[in-house]
Amino acid sequence: MADKVLTTMHEKDMQKVTVAQKITKVIVMFLLYAFLCTMALIIVFPFYWMIISSLKSTVEYRLPIPTLFPREILWGNYLEAFTAANLGRLFLNTVIVGLVSTILSLVITVLSAFAFARLEFKGKNALFAALLATMMIPGELFTITNYVTVTKFGWLDSYTVLIVPFLVSVFYIYLLRQNFLQIPNELYLAAKVDGTSDLKYLWKVMIPLSLPNLISITILKMMGAWNSYVWPRLVTSTDDYRLITNGLRDAFTDMSGQANIPVQMAAVTVVSIPLFLVFIFLRKYIMKGVSRSGIKG
Amino acid sequence: MKNFLQKIKFDQWKAWIYLSPAIVLLLIFTVWPIFNTLRMAFWNGYGLFKELGGELQFEFGIKNFKWVVGYGGFLDCLKNTMLLTVLTVPLSTILALVIAVSLNAIKPFQRFLQTIFFLPYVTNSIAIGMVFEAMFNIVGFGTSNPSYGIINNILGVFGVDPINWINAGSGYWANIAVLVIYIVWNALPFKILILLGGLQSVNKQYYDAAKIDSTPRLRVFTKITVPLLSPMIAYVVITGFIGGFKEYSSIVGIFGDDMHAVGGESLNTMVGYIYKQLGENHEGDASAAALILFAIIFVVTMINMYVSKKKTHY
Amino acid sequence: MKIVLQNLTKVFPSRNKKSNEEVVAVSDLTFTIPDGKLVGLLGPSGCGKSTTLYMISGLQKPTGGQIFFGEDDVTSLSPENRGVGLVFQNYALYPHMTVKQNILFPLQNLKGADKLDKNTMLERALEAARLVQIDELMDRKPSELSGGQQQRVAIARALVKMPRVLLLDEPLSNLDARLRLQTREEIRRIQRETGITTIFVTHDQEEAMSISDVIVVMKLGVVQQIGKPQTVYDNPVNLFVAKFLGTPPINVFKANVKGGKLYISGEAVLDVPGVCDRDVFAAIRPEGFVPDDNGAMTCSLSSIEVMGRDVSIVSKNEAMLTPTIRSIVDADYKVSASAQSVKFNLKPHKVFIFDSETEERIYFGNQTAPETGI
Amino acid sequence: MKRSIISLLLVLSMLLGTVAFASCVEGQGGGLGGNDAANKVTYEVPAEGYDGSEVTITFYHSMGAKLQTVLNNYIPEFNKLYPNITVEHASQGDYDGVRDQIKTALTAGNQPNIAYCYPDHVALYNVAKAVVPLDSFIESTIPVKDAAGNETVLGFTADQIADFIPGYYAEGTAFDAAGTMYTLPMSKSTEALYYNKTFFEKHGLKVPTTWEEMGKLCEQIKAIDPDCIPLGYDSEANWFITMCEQYGSEYTSLDKNGHFKFDNETNRGFVTMFREWHQNGWVTTEEIYGSYTSGLFTATEGQKCYMVIGSTGGASYQQPPQVDGQHLFETDMATPPQIDPSKPKVISQGPSLCIFKDSNPQEVVASWLFVKFLTTNVEFQAAFSMASGYAPVIKSVQSNPVYQQWLDAANGFTNLTAMSVKLALSQSNAYFVSPAFNGSSAARDQVGILMQSALVYKGNDVDAKIKKLFEDAIYECEYAAH
């Protein structure tokens, strides 16, 4: 081996290699950016469409040849969206439902994930597998049975009915369990030796260590409340308990059942803005949370 | 030893206490509905309204399943579901992978572009469905001077003749193409999110090592990036398959409740069939179809898991 | 092939966005590494040794200066084109590949004239594996190997393409003591056998001393001394180098020179001809003490540790800067443990004095400055 | 022998049925039942009528914000009469939204008291036997005293019944052979022929009254402007159903053993004809065109159409566009073309009201009182019509001065809404009703699809294709109704 020492580049013109290397890099970078920008445009276009549509008149929206930019900008659509849809009340409901369900959901999720990650009990694996299997069933089928159930409980038209049925998310339990499993078990055993109670350990060690995940769950849960549509519409009949998306759909139809789409788009835009902001500022946590769901284990 | 046993016992009931809120809620809102679905599936001709209307006795049997399978359009539903899944899952996964890797390779504007790619994650699906329809729609179809829609206009720049995507007389494959684009668009953010997260947690030294070894870019991608990301890819593919088999709302979003283009072939899917049966108060048939769908998803997921166990590394 | 570093500088922008402070990792580094030698880059953590290594590999771009491989300027050449082998601190073995695949990987990338056919590749891989004695483990995955085995795989992977330069980044830091000893001998052996110019980074002076042809001692991005290990040990150019090399570490005292004599705690302990009167630091190697009841230097005795062939005397002196004085003497020498104090004579060539302000070496008697370079 | 007797009996009974059917059409202005009045489903109205107790009733509808304002203005009026009845109401989006909501609500016994409905929806609710048959209320003579001290009867007076536009009123009886009344009309629209009056006058064209004339006219217009599509028809399903009615051919029936009768020679004939028209570039539809055909009608550039058959509810969209403050043309309206103009047939659309059964009979009675109020109160009907552009369901609204004034403001440039209501009212003898049963909505969906698919078919074997489309549609209908 020693006699076969390679002289890979001795014969090469270093100057040439350097130039070629630079050119390749420029080309690769150009292609990368071109690709990413094209994809970004494709991704963004529907949003652009949403915004320009929200500024058009109904007549212009219905034009056979759609315009890429509104001929006349109608800010009035936004005003109409606000006044027609009772957005204030719906917004408040959404925030209440979102907050309460997030907090309760976090408690339940943390406790369950802890049990699955740290405690030993009979049938743990079977139970966990069963939980995961429920994720495979088309949930649409549950709606009717659940509706009958909540009606029998007398929960219709209340915050309870919007919150309780969706408190348990198998996905979040799974996500958090994976996170908890990554925390070394030694920490738990050490805490046991010190006589720290489970709850204190959870609060002092597990929760701080999995904070990014918990924040992600919070955001996803809030987003869920923000976007939920079918269930709230089913179980509430007045604006006292309806959520924001219901307002979006229901407020702008005229007698012939046709939606005033520009105004609806204006409302959608308005309602989307808080989500965008949350997303832009907390993107890091959302990304971390989702990507950490990990697959190992 | 006795102490140890006591500890185990203590752990036992403690675990169940911690799990109790979740279990109680799941029993009520998940397990009971599943059980109820089973019940309805095996009652011949069961319909909730029929029961409400006073018909209380339903025969136990598998007539509902026979009825579902015997439906003339059942094979179409199955075919469409499979086709959409088989087309969209690989496409969206590969595209998401390429985007994630590209994003990971650049510095300026990385955060900005990331944010853009995640935007669809936070938007209202109702609005986006309308937008997609408008983009592909040809208004004035069959007239001498129609507006071909923005997509055809863009394609026209590259010299492509206008394609009838979704309008009257459009072909099956054009319809499928639109659906694939829409579904892939919808699926991208989640997949990019997962894959980019995975990429960012990959130890940079593997790439340094590859550089030192003069590995060409493509080989780095296929031999290092993809294998190292294989757990994430498997996850994305499995959830993609499950989602694909539940495809429904995207088709309604673009083609309406009829689920086909004017004069075109049916684009109905399994879930579409289930919804239709629910709409016609055939809860028994809907439940039977849901069970069939569940069985399909279950088998496919098992195959997926088996393959990914073999293919994913470490 | 020889490697020339010329005025090599690396400045990192500050991590804190608000302050504009920059971190100078490597400053104006100039030295030549001769062909076929094993060079140890040595220094405490943060001294810029790893940065230097990465600049040689091409993974980091220098802010200033140039790097030559032989006669070729490779400063702006990307790592792919440099033909170096690099063993990472934590090996960076591809976790999804078997040992064989890991070793084959670099060979499969070879292009042009270097391209090999499949059989040759396998042969070469096996040869490299045999060299590091892991040919039994070819079908295992990295996760199934011990730290030492992984380390050897990493070396095999770096070696297999016969690079022009082999770079090792703290290759032994993850190993236990016994394995470390064994592995460093192997590195030495392999380097000898292949004759590849090898640079390795370590913070462990003993490791560097034991296997390097040449060591480069660095501090805060600046090279302190370059030379053969024994030369550097015997003839440090400043207090830092003196302190950094040697186990047990050198003993340092506050001292002064008056009339050609070195005074520690008021005692004249050694003649230092040719040095004018000033405050100095006196550094004495543990083996520089000769116990003598009539010795010039008096220390209060703390303890005596007998360690096989050597005896280590631990004592104290009010002028000392190190916590205790550790002197190593022959086991024949008997000191009564009950004694309160112990007296030493000093071996002049084991005593170094340094300017108390610049900490630069002051030579006396027949001491002369070491040759710079290699 | 035996067999011939049976067949004879069958023929006889069919004859009898047809005669009875025909007579009831005459008598009720389009109703379906009536031959079997004794078998009407009844509801036990509490003997005391409304006992004045405090009840809360809920009302599901699909009104937008503007119409809800009108409703909110009149609930206090109702409460002046019955202060103890609290009315709560909520929009469920659109008609389908109301239906879906109620469907689920019924499964849990949580349905509202009153709801917007289409006949198909009521047929669905009837599977669960959840809708209150109204005959017992309509005929009830139990006295009711309102808060103002006026004493009236719980039911309708003869005058009140006579005040309803008969075609609308008859829609409530489309559910069984006995003609049980399940719904009362709330607010109605119909289809109208909109045409470009300016263009017609310029070229001396005559507004068509028959399909034959329409065909010729299309050819004529196509000759004048080869680039146009002369006619747009918005709803394919309406088109098919209306044609069945105009031809007197079968569409659907209440006969439990064969609901779907639309696969017949006549129907295949007109579908084949209209396909021809479409292929000639004479006509397009909303689905085929890709947007409401009003877009073509009001286009300022490019392709145009000069006639649209569409809902009177969408009249404002047919208003001529303005360029520099000038209207490009004037729109006018007419009854859509017919097969036999002496017996015109036009479809009727728009919401009716139904009442759901409830464990508390007082809620049902209170709901009846509210429904009666909404359908018979002239001011409310007038206000609602003006706000919605839909026609009122009682004739006396037209003599309301405010309403009259509103109607008089109709013109073909800026106020087509009033014009369309006028037309809807003038067609009141032409409305027909299709039978409603569990599965009738499938028939409507399927004939719409059939029509679209046939029109756009480009192949050579037209007859076979159309035959196949009809068979498929029947298969889907029967599958849906099993």
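The chains carry the letters A, B, C and D, assigned in the order they are written, with residues numbered from 1 in each.
Keep this in mind: a contact is a pair of C-beta atoms (placed from the backbone, for glycine too) under 8 Å apart; a residue touches a chain by one contact, two chains touch by 3 or more.
A quick note: this is a predicted structure, and the numbers were derived from the prediction, not measured.
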Length of the shortest touching-chain route, chain B through to chain C: 1
Shared interface partners, meaning chains that touch chain A and chain D: B
Chain of greatest Cα-centre distance to chain D: C
Of A-C and B-D, whichever chain pair has more C-beta contact pairs: B-D
Between chain C and chain A, distance of the C-alpha-averaged centres to the nearest whole Å: 52
Centre-of-Cα separation between chain D and chain C, whole angstrom: 94
Between chain B and chain D, centroid-to-centroid distance (C-alpha), Å: 39
Chain centre separation in whole Å, for chain B relative to chain A (CA means): 16
Two or more partner chains touched - positions in chain C: 78, 80-81, 83, 161
Multi-chain contact residues (two or more partners), chain D: 107, 291, 295-296, 302-303
Per-residue overlap in chain B, given as positions that touch at least 2 other chains: 48, 139-140, 146
Chain-to-chain touches, reported pairwise for every pair that qualifies: A-B, A-C, A-D, B-C, B-D
Parts of chain D lying in touch with chain A, wherever the complex brings them together: 58, 60, 62-67, 88, 90-95, 97, 101, 104, 107-110, 112, 187, 189, 291-292, 294-296, 298-299, 302-303, 311, 313-314, 317, 321, 350, 388-390
Chain D contact footprint on chain A (complex, rising order): 59, 62-65, 83-85, 143-144, 147-148, 151-152, 156, 233-234, 237-239, 249-258, 260
Residues of chain C touching chain B in the complex: 57-59, 78-81, 83-86, 88, 90, 92, 94-97, 105-106, 108-111, 141, 143, 157-158, 161
Chain A contact footprint on chain C (complex, rising order): 69-70, 72-74, 76-78, 80-83, 114, 127-128, 131, 161-164, 193-196
Complex contact set, residues of chain B against chain A: 8, 11-12, 14-16, 18-19, 21-22, 25-26, 28-34, 36-37, 48, 95, 98-99, 102-103, 105-106, 109, 113-128, 130-132, 134-135, 139-140, 146-147, 149-150, 185, 188, 190, 193-194, 196-198, 200-201, 217, 231-232, 234-235, 242, 246, 271, 274-275, 278, 283, 286-287, 290, 293-294, 297-298, 301, 312
